[in-house]
Amino acid sequence: MRKIIKNSYLLISVFMLLILAACGNDTTTTDGNDSEAEKTDGPVSAKIGVISYLTGPGAAYGEAITNGFNLALEEINEKGEVKIELDIQDSAGKQEQALSVAQKLMSSDDIVAILGPTLSTEMNVVGPEADMNGIPIMGTSTTAAGIPQIGEYVFRNSLPESLAIPAALEKAVEKFDAKSVAILYGNDDLFTKSGFDTMKAVAEDMGLDIVTIETFQKGQSDYNALLTKIKDLNPDLILASALYNEGAVIMDQARKMGIEVPFIGGNGFNSPQVIEIAGPASEGLIVATPWFGDKEDPKVQEFVGKYEAKYGKKPDQFAAQAYDALYIMAEGLKNAGEADRDALRDALAEIKDLDGVLGKFSFDEEGDVVMDPTVLVIKDGKFQLFE
Amino acid sequence: MVLELKNVTKNFGGISALTDVSFTINEGEIFGLIGPNGAGKTTMFNVITNMFLPTSGEINFLGEKISGTKPHKITDKGICRTFQNIRLFSQMTVLENVLVGRHCRSKSGVFSSVFRTKSQQSEEAMTREAATELLDLVGLSDYEDVIAENLAYGQQRRLEIARALASNPKLLLLDEPAAGMNETETENLFDLIKEVQKKGVTVLLIEHDMPFVMKLCDRITVLNFGKKLAEGTPEEIQNNKDVIEAYLGSEEDDDLDA
Amino acid sequence: MLLEQLINGITLGSIYAIVALGFTLVFGVLGIINMAHGEIFMFGAFIGVIVTSVMGLPLWVAFIAAIAVTAVLGYMLERIALRPLRGKQGVSHLAPLISTIGVSILLENLSHHLFGAGNQPFRNAFAEIQIQIGSITIYLVQILIFVISVALMLALSYWLSKTKAGKALRATAENLETASLLGVNTKRTITTTVIIASVMGGIAGILVGMAFNSVNPQMGLSMGLKGLAIIILGGMGNVKGAMAGGLLLGIAETLIVAYGDSGYRDAVAFITIIFILLLRPQGLFGKNTAESGR
Amino acid sequence: MLGELLNPYHLQIVSFVLINIILGISIYITLSSGQLSLGNAGFMGIGAYTSALLTINFEVPIILGIILGALVAGIFGILIGIPALRLSGVYLAIATLGFGEVMRVIFVNWESVTQGAIGLSGVPHLGREVFKTLTAIGFDPEILGLKNNQFIYLIVVSILLLINIFIVWFFVRQNKSRVGRAFAAIKMDEKAAESMGIDITYYKVLSFTQGALLAGFAGALYAHVMAYISPADFAYHRAIEILIFSVFGGSEVIWGAIFGAAFMTIMPEALRFISEYRYMIYGAILILMMAFRPQGIIDVSLLQWFKKIIKFRKGTDHGTGIKKRH
């Protein structure tokens, strides 16, 4: 009798396994042979896959990104020049899952392009696969070096650190007449490590004296030791390649310790959250960004207004980049004139000076971003243009 | 002379568990080691099998010094033991327990085992044959596939002896083999040990069941507080004043009558 | 600079020590490594944030709330993850390790949902009070942390060696069955222990929040792993060893950042424990017993 | 026909299942001699980095790279396994956990070789390389009615499947031999095993090394299936995931680790909607399993029950002479 109870465990689990396998099978079926039909006349209709970081510690990024997509989607479909459908999938920020999901999207014939994934680590895995299968893929938040170089089907519209950091650094050095810098970076994260590599190269190019290079790890709470060391070396500027979570805490502890010099951050440091976490200690953070929500541009203000009305919060750079990305896709589809992967790729590569909320946008020959970043500084409790 | 202990002393911290104990065991003997609880009998076993290193003194087995040799090497040389509180491989089957006992008499390694070379196959067959014979000897042939912990207590004791015998020992150490057994079981055990002796195995046993010891053993050594109190044939021991006093003086005064 | 770095090191070390005291207490009595301790610590910190920054209540309320919540967590840990395994036949000694790992994963991800993944600031006027000595700034919080950790250590060793409850605890640690035969209510003793240890974690959480103004769900993991390293460094179950080990590690980490490579900061703890375990399994301050480490 | 059946998405998941099964077995094999190693993520990383670096920098063939990766991990296994003998139980678990963390810190900091957190991209892909070789000699997957990526993942899955079958066969046979019995004896009672003449040192190091070797092997395969690795892939969470494979599936028998790895890999894919709660469920599984079924889903008696049913079906059940007491 006890045997039977015991073994029911196994039966149940086997049964569950079967059900799960069955579920896995079903989810890929889609009701889409309409792409062929739409080809002849009327607007181009296409389905685009989205891979986003929707669950787990970085879910906030994925949420902002998908919000940006959805807002753009509504507007584009309303205009009616092209008709787009999105298939949004979660990757939980993990390479394995991103790759699985990408396979799922790529193997479905009516998906013409992929937006995402969120993290550069994921793109490093998904990019080569997409390139080999000949499906255009565009990152909206992948800023690490080398992403568009993966292949000719790989694009991005996120401002790489190699554009953002020199812009911020040049302006700051000029303004403060800085000679020496200390560099801080999170060494266990692709994003911040990649930002650091750029920072170091730029600082060396500019002939700045790097007094020290210090590292920290994700989730660290005590930065006193390295800040004390930096304080002692007394640099003119501190370059911090950090995500805003750690970055804000670093600024807070630095100001407490009496370090008053400006901080220059990378893309990941650029978030209103910094002000929220560090409060007055965040004053003096300089970042370069494609996105400035207070820009006096009707296009920008319209986007901010709509976004706020719909999602109840101000859009950040991730939302803005995603919003523009879908417009880029729509433009590409319109120019391609058909829902075809290769045609779309060629059309995307041709895009020049497209007006978006981030400014004028073009791809260079590698599929990377060409645009002028805006340099901002935190002053009086908010981001302002840094002049 | 199979085993020779010369002035063996074992200290734990400041407390000495064995002090200057010497005795010798001759080939083919059944040798008893008795004494009140805490007299150092099990410590003696642990020292002989080198689970503990003796603090001083020397132990010779078949004329070879063995103190300082690793326990598994000692088994290899021909000493194997059972435990006071039965330490079978409780989740294994009866047969598997005996097969493990055969470990040091076989030598196939990872690759010969996985690829089942000819020599491995014949070795495995021989191992199984020997194990089956031993189970026959201890009367457990019907229980080959039973998980060891499901055996009755007396059967577990016998299985432990079979497992120890599987290593072809020249000297078998039995730690209270009759403990917890009923009369029939004890009688069977008596026959079994005699049978083992006939096969040419020397036996050293610790036992509290005095009539059993007196009947079974050729010679006996008495330990008390880690010191050797007396040594001799069963009659000599039974009539030894010191021994009687030690047992009467100890809390377990029923030991002699049991 | 050395002096300032030493202060940094002692502050960090004192926090490590309080976390380690919680580990060591549970290990001393139950022989279990409570892998969930770091996450309970993190919960304590979050409660502190919610009470002070979000609800705007005074600091002492935060302490009480954190103590209450971590006490409940401690009770649930004992009830759900530890008690069912105790005295059960055929349960390996690794079972409690694995089940507390389960609790830690559960709590970490629960806090993602409850508090969000990001850093929460711990705003409190008390954290701003500072004392200026020459060029060196010392925050009152830093002194407080050190004092609390020393006080907890002293109280704990007094409690264990002098009071009746403490003796019951030690008897339980010696031998569960014997203690219950002697009339010690072992069930209650164990529950008390786990609760006290958890509360110490909660207190450490608030102190970290105040000292570093940063609370996030991942802090439990890194703090927990450090705590583990410390109890091995100081000898398992050794109260004074945990204190000394904590301070030592805090200072060592600070100095490696100050004079070495900050990238290897996290490795210091683990390289040390690997060496300690191999060379002196009883820990730096443990007694040398024949069977330790086996 | 074949082309419609083979969905690259499913093939992809199967390939992860197969790699995870090797990881599950790696922790099982160390546990089978009674040692809990939480350092397998570290060994996995050693295997992955070794093979990736050799193939990228020295153009070593993938197969050789993978084998060398496994061997290097195995050598580290010996180096760690010998001193770790002095430790048992929780001490061993913590020391190995520490080892895993140290490895991760080294991968992060040794930037000149490992590129730190940037990771190694452009690791030769197992499937794509084979595909390239085959197309070079004029083979076209169209013959089989397959698209390129279908074919590539079919190659990956077939290779992994063959490897898995070999590994399972290897360890099933080992378990039934003198070596497997020695492992089991040490796990059940180390002192008694020693008294039975088993060289504990040798067998414990052997099983620890086998576990490290397998983990390194799985890591090397992982590198060539993902084509990108970074230190975060081999962190604490990976160690816990591997532990869960074995604890959930059953730590006493090899089939437990296999079942656990398969189930735990497929579950989050099949139930994507719960993926938000995935880790919470992992946590709960660990707690509940320890409380109610510490040996895991699949254990010895379940397997015996299965065998009996199969025998019964075949009508050849003569009774095994099992007489249970109590």
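Every chain is named by a letter (A, B, C and D) in the order it is written, and numbering of its residues begins at 1.
The rule is short, and it goes like this: contacts are C-beta pairs under 8 Å (C-beta built on N, C-alpha and C of every residue); 3 or more make two chains touch, one makes a residue touch a chain.
Just so we're clear, the structure is a prediction, and the values are computed from it rather than from any experiment.
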| item | value |
| --- | --- |
| Which of A-C and A-D has more C-beta contact pairs | A-D |
| Distance-maximising chain from chain C - centres being C-alpha averages | B |
| Inter-chain centre distance, chain C versus chain D - centres from mean C-alpha coordinates, in Å | 33 |
| Distance from chain C to chain A - Cα centre to Cα centre, in angstrom | 37 |
| Chain A and chain B, separation of their C-alpha mean positions in angstrom | 72 |
| Set of chain B residues in contact with two or more other chains | none |
| Of all residues in chain D, the ones touching two or more other chains | 108-109 |
| Residues of chain C whose C-beta touches two or more other chains | 221, 261, 263, 266 |
| Interface residues, chain C side, partner chain D - complex | 32-33, 80-81, 84-85, 88, 90-99, 101-110, 113, 221, 225, 228-229, 232, 261, 263-264, 266-267, 269-271, 273-274, 277-278, 281, 293-294 |
| Sites on chain D touched by chain A in the complex | 7-13, 16, 108-109, 116-119, 121-122, 125, 128, 148-150, 152-153, 226-228, 230-233, 259, 262-263, 266-272, 275-276, 278, 293, 297-298, 301-302, 305 |
| Residues of chain B touching chain D in the complex | 49, 51, 70-72, 75-76, 80-81, 83, 87-92, 96, 99-101, 103-104, 106, 108-110, 113-114, 116, 120, 124, 127, 142-146, 150-152, 155, 163-164, 167 |
| Parts of chain D lying in touch with chain C, wherever the complex brings them together | 36, 83-84, 86-91, 93-95, 97-99, 101-102, 105-106, 108-109, 236, 240, 243, 247, 277, 279-280, 282-287, 289-292, 294-295 |
| Contact footprint of chain A on chain C as seen in their complex | 1, 4-5, 8-9, 11-12, 112, 116-121, 123, 137, 139, 208, 211-219, 221-222, 253-254, 257-258, 261-263, 265-266 |
